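Labels run A, B, C, D and E following the written order; every chain starts at residue 1.
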Amino acid sequence: MAFLKVNNLKVYYPIRGGFFRRVVAHVKAVDDISFELNQGETYGLVGESGCGKTTTGRTIMGLIKATSGEVLFENQDLLKMNRRDFNQHRKDIQMIFQDPYSSLNPRKRVLDIVAEPLRNFERLSPAEEKKKVQFYLEKVGLNPEAIYNYPHEFSGGQRQRIGIARALTLKPKLIIADEPVSALDVSVQAQVLNFMQDIQKEFNLTYLFISHDLGIIQHMCDRIGIMYRGQFVEEGTSRDIYTNPQHIYTKRLISAIPDINPENRENQMKLRQEINSEYKNSYDKYFNAEGKVYNLKPISDTHLVALP
Amino acid sequence: MLKFILRRILVMIPQLFILSILIFLLAKAMPGDALTGQLASNPKMDAQTLHELKQKLGMYDPYYVQYARWIKGLLHGNLGMSIIHQTPVTSLIAGKMWNTVLLGAAVLILSYLIAIPLGIIGGRWTDTWADKMIVGYNYLTYATPLFIFALLMLFIFGFVLGWFPTSGSVDIRVENGTFAYYMSKLNHLILPALSGAIVSTTVTIQYLRNEIIDTKIKDFVKTARAKGVSESKVYTRHIFRNSLLPIAAFLGYDIVSLIGGSVFLESIYGYPGIGQLFLTSIMQRDFSVVTALVMISGLATLIGTLLSDIILSAVDPRIRIE
Amino acid sequence: MSNQPLLQIQNLRTSFRIGDDYFAAVDDVSLTVNENEVVAIVGESGCGKSALAMSIMGLHPQERTKLEGKINFKGKNLLSLSTNEMNKVRGKEIGMIFQDPLTALNPLMTCGKQIEESMTVHTNMSSEAKRKRTIELLKKVGIPNPERTYKQYPHELSGGMRQRVVIAIAVACDPLLVIADEPTTALDVTIQAQIMDLLKDLQNQTKTGIILITHDLGVVAEMADRVAVMYAGEIVEIADVHTLFKNPLHPYTRSLFNSIPSSTSTKDRLHVIQGIVPSLKNLPRSGCRFKDRIKWIGDKEHEVNPLLREVSPNHYVRCTCYKNFHFSDEDVGDMNYGIS
Amino acid sequence: SGGKKDGKKSTTSTEKAKEDIGQFPKEVKNDNKVVEDGTLNYGLVYDTPFEGTLNYAFYQGDEDAKVLQFFDIPLFTINEDYEMTNDGPATYELSKDHKTITVKIKDNVNWSDGKPVTAEDYEYSFLVIGNKDYTGVRYGDALMQSIVGMKEYHAGKAKRISGIKIIDDKTLSITFEKANPALLTGLWSYAMPKHYLGDVPIKDLAKSDKIHKKPIGFGPFKIKKIVPGESVEFERNDDFYAGKPKLKSIVLKVVNPKVILQAMKKGEVDVAEFPTDQYAAAKGSKNFQFIGKIDLAYNYIGFKLGHWDAKKGENVMDNPKFQDKRLRQAMAYALDNKTVGEKLYHGLRFPATSLIPPSFPSWYDENANGATYDPEKAKKLLDEAGYKDVDKDGLREDPKGKKFKINFLSMSGGDIAEPLAKFYIQCWKDVGLDVQLVDGRLAEFNSFYKMVQEDNPKVDVFAAAWGTGTDVDPYGLYGRDANFNYSRFVSEKNDQLLADGHSEQAFDHNYRKKVYDEWQAYMNDEMPVIPTLFRSIIYSVNNRVTGLNADHEIDALGWFNVGVTSETPEVN
Amino acid sequence: MKAELTDQKQPKVKKQKKQHGVLSIMWREIVKDKLALGALILLGLILIIVYGVSLLLDQDKIVTVDFLSIYSPPSAEHWLGTDYGGRDILGQLIIGAKNSFTIGLCITLLTGLIGLTVGLIAGYFGGRTDNIIMRIIDFFLILPTLMLIIVFVTIAPKYNVFYFILIMSLFLWTGKARLIRSKTLAERELDYVSASKTLGTPDWKIIIREVLPNLSSIIIVNLTLNLAGNIGIESGLTYLGFGLPESTPSLGTLVSYATNPDVLENKWWIWLPASLLILVMMLCINYIGQALKRAADARQRLG
């Protein structure tokens, strides 16, 4: 019944070598993960750099080819579709990119940027098109007069909204947001986060929210999956994860969030040291002989942990 | 490393093979043959004998037969016979090739010796008068065709000042292998090499200068400065090495352009080499020589690019060849 | 220990040439750093934090920059030193940690050599001694296999490792002052935490003064003794960290605090500062520079010539507007603003 | 434009020719005393390295001949008509029936390795050229093939050439199938050192080092050292049969034509064949002088009158376009070759008046007047022939009133080619003929010959040149079965005259002269080709050189007498 | 070049106040740089004169040989004297400049077009496509270009400006293809390309509408600098005897007359003006190119 269901997804990048440059090994960027999203919720994907978050998101978007597995969107496997069908379904899934600078073509005007999907999927007269673009610009809180401007005339937060407006024109149901605010300044970050919450309500969107900043994830997400080296180590509601982290890796991530209260800094530092030594000492408890995590096991209705 | 070289050589073979077919077809597409030219000045030849001669030289065989014969010879290290010079192409080319290689190497070395300091000066002290002079020099050499420049050099240094010999690669009156012989070779080499070098500095200077200007503002240079490294050391240790990398990558291309440039230098300085030989052979339709030379220069280019890859991997730790 | 502060910046103004005119990116900044003290400088991107740091190091390109004011370091004014004299200070007495560890290292030199270089410049150590010290340093910054890393090239290391090498370079000659320009911004949380702990450790051991530049208030809370908040080239508030975090006064500081999501404020709307930081050319050069971004605060509340005033011991705030500042009722900052 | 010249008539070309060539002495003037053991620098003016196939039977490029002249010489000296004389290394005697020639090599003629030059050596050179494995081009000569027994030997049916008999060590006789006066100018007169080359199979001879690197001869000098492609050092052959050459050594160097003038001025080169296009700039130089002669060559413009029938092996005159000889004559009269010679070649070329150049003084008809520039006459002839400008566009139409376009093929190469072709086209345009370059451009050498040889229909008229060689007989260039008769002109009368010219009767000098005079007049009337220019060949010679003659390249004793009168060359 | 600038600029500028296209940034950069502006004006003037006057000139008359005035020095009748065929140098200079510039421009554009197409395709699709294309380009690299050009010139049925351009272009596009490819490879990694993909934009549209405009400044700079090099491109071939026929005058032909030492030493009016013209045009184009380069690189912009 899930809205989006990812089953046993694997994405391997080949490593070539040897005399004939054959594939000699693989980078297992995503190594057998499964999770599901319910409509209207925000699902957070967290983990340290290089753990495979982006790869997961992009694979669902069809930008990267999966090695194996299923991505069921409204019960249809996106990975098995041909190009045309896929494009039709892809309309419902859109993406917000990490870097608001590189995700907008600097040579195009806002009008052309936002109208791009419309031109691909709908035949509109220029006047209709303009109206529609302005409608969405207004929705994302930008001056509709700005359609003739170029991206570099906007701040990072504004650019991020342009990107969102572009995604919205297709009336998507799912938005994958890959670190949508990590390139933004603190004050601008807030702007975008607020706004994402606003439109989520308005358009009944589902978010797959990728970030390494647990503060933000906690602020935004209903459920959270913790990734480690291409695999899930823990999954649960925000509450489960923050108040009752089970896996040592999750604990480490949480302890790494700097505390905003300077009074706590000594404790915070001690906590980190404790968890670090626990991480070192009880490594075997959490990882199998190959250094891989164990399969997820439920410890409550909502909470799953990878423990033996 | 060895694997890398082997693989590259493996890739070369089909390339050279295609090249051989291409050049063979082109050669055959050219009007005339090697005998035509000879007869223009020596019309004492009846049609029958001419026919016989052509038959003897295999000129009537179908192309594929000629090609097969040629490629078979090639595999045995036999490049065929020059019809014009009545001598095996291998021995025809051998001597000249060393001259061209020598000249080419000298041009390359001299051009780097000139270009690198100038590029460095221009890049380090941008917009100073020295830099402006260098840029001016660069425009001038860029605009001057090699052959005009070489002639001017020859007139000035060869004839007016009389500092250098004006033709040939060595003084015939010195004994082979003696010290005087090598000095004479060197003496004959300087002027042509210098002419070629000066004209070919343009690209290197421009590239190096731009590269230094770009590298100057890189973060790691700031790091170096923040360490208190003196300005000159910042340049020598951090900027120059990084800027010189692309120059190493150019080596392969340089070899290609050297072969082109050798035609002019060799003809003006009466320096016997394969560039000139190629030109005459084309005009005289001495196809075995033409094809052989094209193959050789193709091979030289391949080796050149291989060499620059190896050099690059030696100086740049980021590039590793297995 | 003398009472003399380690570094004393007085009325520093750093201007860049754009076209034919000079524009000040750091405007009338005064700041002191004492031994064994961590002074954090926070502010949005483009407010002049790096420009300030580079001014101290004297690393701005001379032909395009104008520096006014004084930077007293151990009794001498750094601005009046010659390049040669400055080179003796750089690396030896003041070390610098750069933001992006990927580009801050020379890709063609081994990490060991790059660390050794500052010792080569400033000391007469034998190469064996340098090597030993380098490996020691690498160990100190928490690199697990220092002998190997000594021989490795930057591209062979991960981002966190590289940043450690950068830190090792900065502290190689036991400087009295370290300037860390956003040392953790390019790193992810877990590594950031490690680097923070590392810096703190180092500081505890060596008692150096640190200028920590960041825009992450969490990092400030964990690291700093004193905090200077910069906005548009000016310092708008300075206080010790506890005061500031408990009682931020300047509207800008308060806005900053309100805009970070934290565990205490789940799913609520975050505060947004209206408008954007004006570019260097468009900076307001008179009056309160923050005025445009808090439009609901009347003109009269601002000083004509805002000064940094001590409002309580060692707590300085610029402009009187803080007195009447309140967050706007509507969320105006969020919607409908024009384009700069 | 150049075509429209002043009305005044030019002096006849013959006078002009004499005048022009008169400015060049044939022999260098220098009365100073020759220094002993001098060294001379010879400049081989050539823009590519020479290759060095250093044997008369095998060499192909002119530059090789220029190296050969120093160390290997023909057996006979020649007179001014290039007929063999008995003043050289060998003497000859003709049999009564003029079919057999007996050659006797002088006793003291030895190869430079000391071995005597024998009759067998002379025979050997025929055996090489006639051999079926021979890879050179000398066998094509008609005279060579008319040696008795040569064809059998060539076909491999005989071990020797039956017509060549060795009488004793130094004497041999050669018998021809037919008596032919060309024998005296065209006999193969080079010996090959059999003792030296004999062990190399004939098919490998051409590529043998003995020809490329260490050739021997019996000339006044011998090779001391070769630096391939650029220079050769010769030293005196002390054993030279005629005595001790005056120079001790000669250094030959390849010099680019672009710098030869500078090299002459600097004294780096003592002797060189001087490129005509730089003559104007060189004229005033003080340290060297010019010697010259009229070259064994002429330039012409040919009309394509037919095609070569390869099966029958003869020319067929079947192209209607230029069959009217008035048209051909008119095109000849339209050309202002005098201006070309004077202005473009600075007098080094002059209008040709017949198809036998004045370099054969006995055979050249002084009274032949070719077609001297006369545009009015050209126009009249065209009017007569019916080529009139019907549509008044300034260009003549053909007699049927159709547009008349002539395609002109001219060869590229050298600086002068293009303006010359342009000039001719202008000249023709001045008399109302519409002439255009084939493909709109000059044809590169090989394309040119391909088109001309294959009688490409694109070509109506072509400009070419012939080197005649020392043999005056024009049969090979204009005979019915001569492939080189590119205009494909044939007529009974022509056949007859050419046959008479090399009949036995023609051993009679006067008879032969009469025949050739008649032939020259006939060809000037029929005008299948327009002789355009005769040329002179000039040598620049440093003032210190003595004894050099403009014939040195073909004269057996050419370099024997050359000396220098000071140790160092004169410098400008 | 110039036409392009004005054509594209005018209408847009009218429509709106701000214009941030590549061209307008470049235009601004040129105007800011006095040297470049001067160069642009000078080059424009030269080109107007050259193309204008050559329309009026009777080309046939200029290449008409006149043996009565061979090598005449500059005079009232022949302002720049005559060559060895008595042909007017000034006329040849003007027509030659026209031909040379046309040749340079066409070669530049043609190689640009081929290089662009190939480079974009290789860079955008990457993988196997890229591999095949790169092998082809590698193959071109080993071709001895000069030699093959000579062969082609020899076998060309008709040798005129058009063929010359084709032959040269055949060998010169590879460098551009490499450049564009490497830039495209970098560009393709940027998120806006991914964004377009996720929006269902077909590949060819992404290449043309998204990637191409972002390479435009690099392309323009590269083409400009290349144009400078291509102006005298035929001179080397002329020296070797494979240049254009003299009935098609070019600057290269005039310059290579200087290989006759007599001309080089004593008849400056034949080769010097052409050499200077080449130099001046090249300098102009280079200065413009430098300014454009700064425009392309925001760090170096003057304003």
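One rule holds for everything that comes next: a contact is a pair of C-beta atoms (placed from the backbone, for glycine too) under 8 Å apart; a residue touches a chain by one contact, two chains touch by 3 or more.
Given the structure is predicted, the values throughout are model-derived calculations rather than measurements.
Peer 1: Of all chains present, which has the mean Cα position farthest from that of subunit C?
Peer 2: D
Peer 1: Count the C-beta pairs in contact for B-D and for B-C, then report the pair with the higher count.
Peer 2: Top pair by contacting C-beta pairs is B-D.
Peer 1: So, what's the distance in Å between the C-alpha centres of subunit E and subunit C?
Peer 2: Measuring from centre to centre gives 50 Å for this pair.
Peer 1: From the C-alpha centre of subunit A to that of subunit B, how far is it in Å?
Peer 2: Here the centre of subunit B sits 55 Å away from the centre of subunit A.
Peer 1: What is the distance, in whole Å, between the centres of subunit A and subunit D, each centre taken as the mean of its C-alpha atoms?
Peer 2: So the centre of subunit A lies 89 Å away from the centre of subunit D.
Peer 1: Where in subunit B do residues touch two or more of the other chains?
Peer 2: Correct list: 30-31, 151, 155, 279.
Peer 1: Quick check on subunit E: which residues sit in contact with 2+ other chains?
Peer 2: Correct list: 154, 259, 261, 265.
Peer 1: Could you say which residues in subunit A touch two or more other chains, in rising order?
Peer 2: Within subunit A, residues 149, 153 contact more than one other chain.
Peer 1: Contact residues on subunit B for subunit C in the complex?
Peer 2: 218-220, 222-231, 233, 237-238, 241-242, 245, 315-318
Peer 1: With touch defined as at the start, can you tell me which subunit C residues reach subunit B in the complex?
Peer 2: Residues in contact with subunit B: 57, 59, 83-84, 87-92, 95-96, 98, 100, 103-109, 114, 117-118, 121-122, 153, 155-156, 166, 169-170, 172.
Peer 1: Inside the complex, what are the residues of subunit E that reach subunit D?
Peer 2: Contacts found on subunit E: 63-68, 70, 84-87, 154, 157-160, 241, 245-247, 259-262, 265-266.
Peer 1: Considering only the defined contacts, which subunit B positions touch subunit D in the complex?
Peer 2: Per the stated touch rule, the residues are 30-33, 35-50, 53, 56-57, 81, 84-88, 91-92, 95-96, 151, 154-155, 158-159, 162, 166-170, 172-173, 266-273, 276-277, 279-280, 283, 285.
Peer 1: Applying the document's contact rule, which stretches of subunit B touch subunit E when the two form their complex?
Peer 2: That would be residues 15-16, 18-19, 23, 26-27, 29-31, 139-140, 142-148, 151-152, 155, 217, 252-253, 256, 259-260, 263-264, 278-279, 282, 290, 293-294, 297-299, 301-302, 305 of subunit B.
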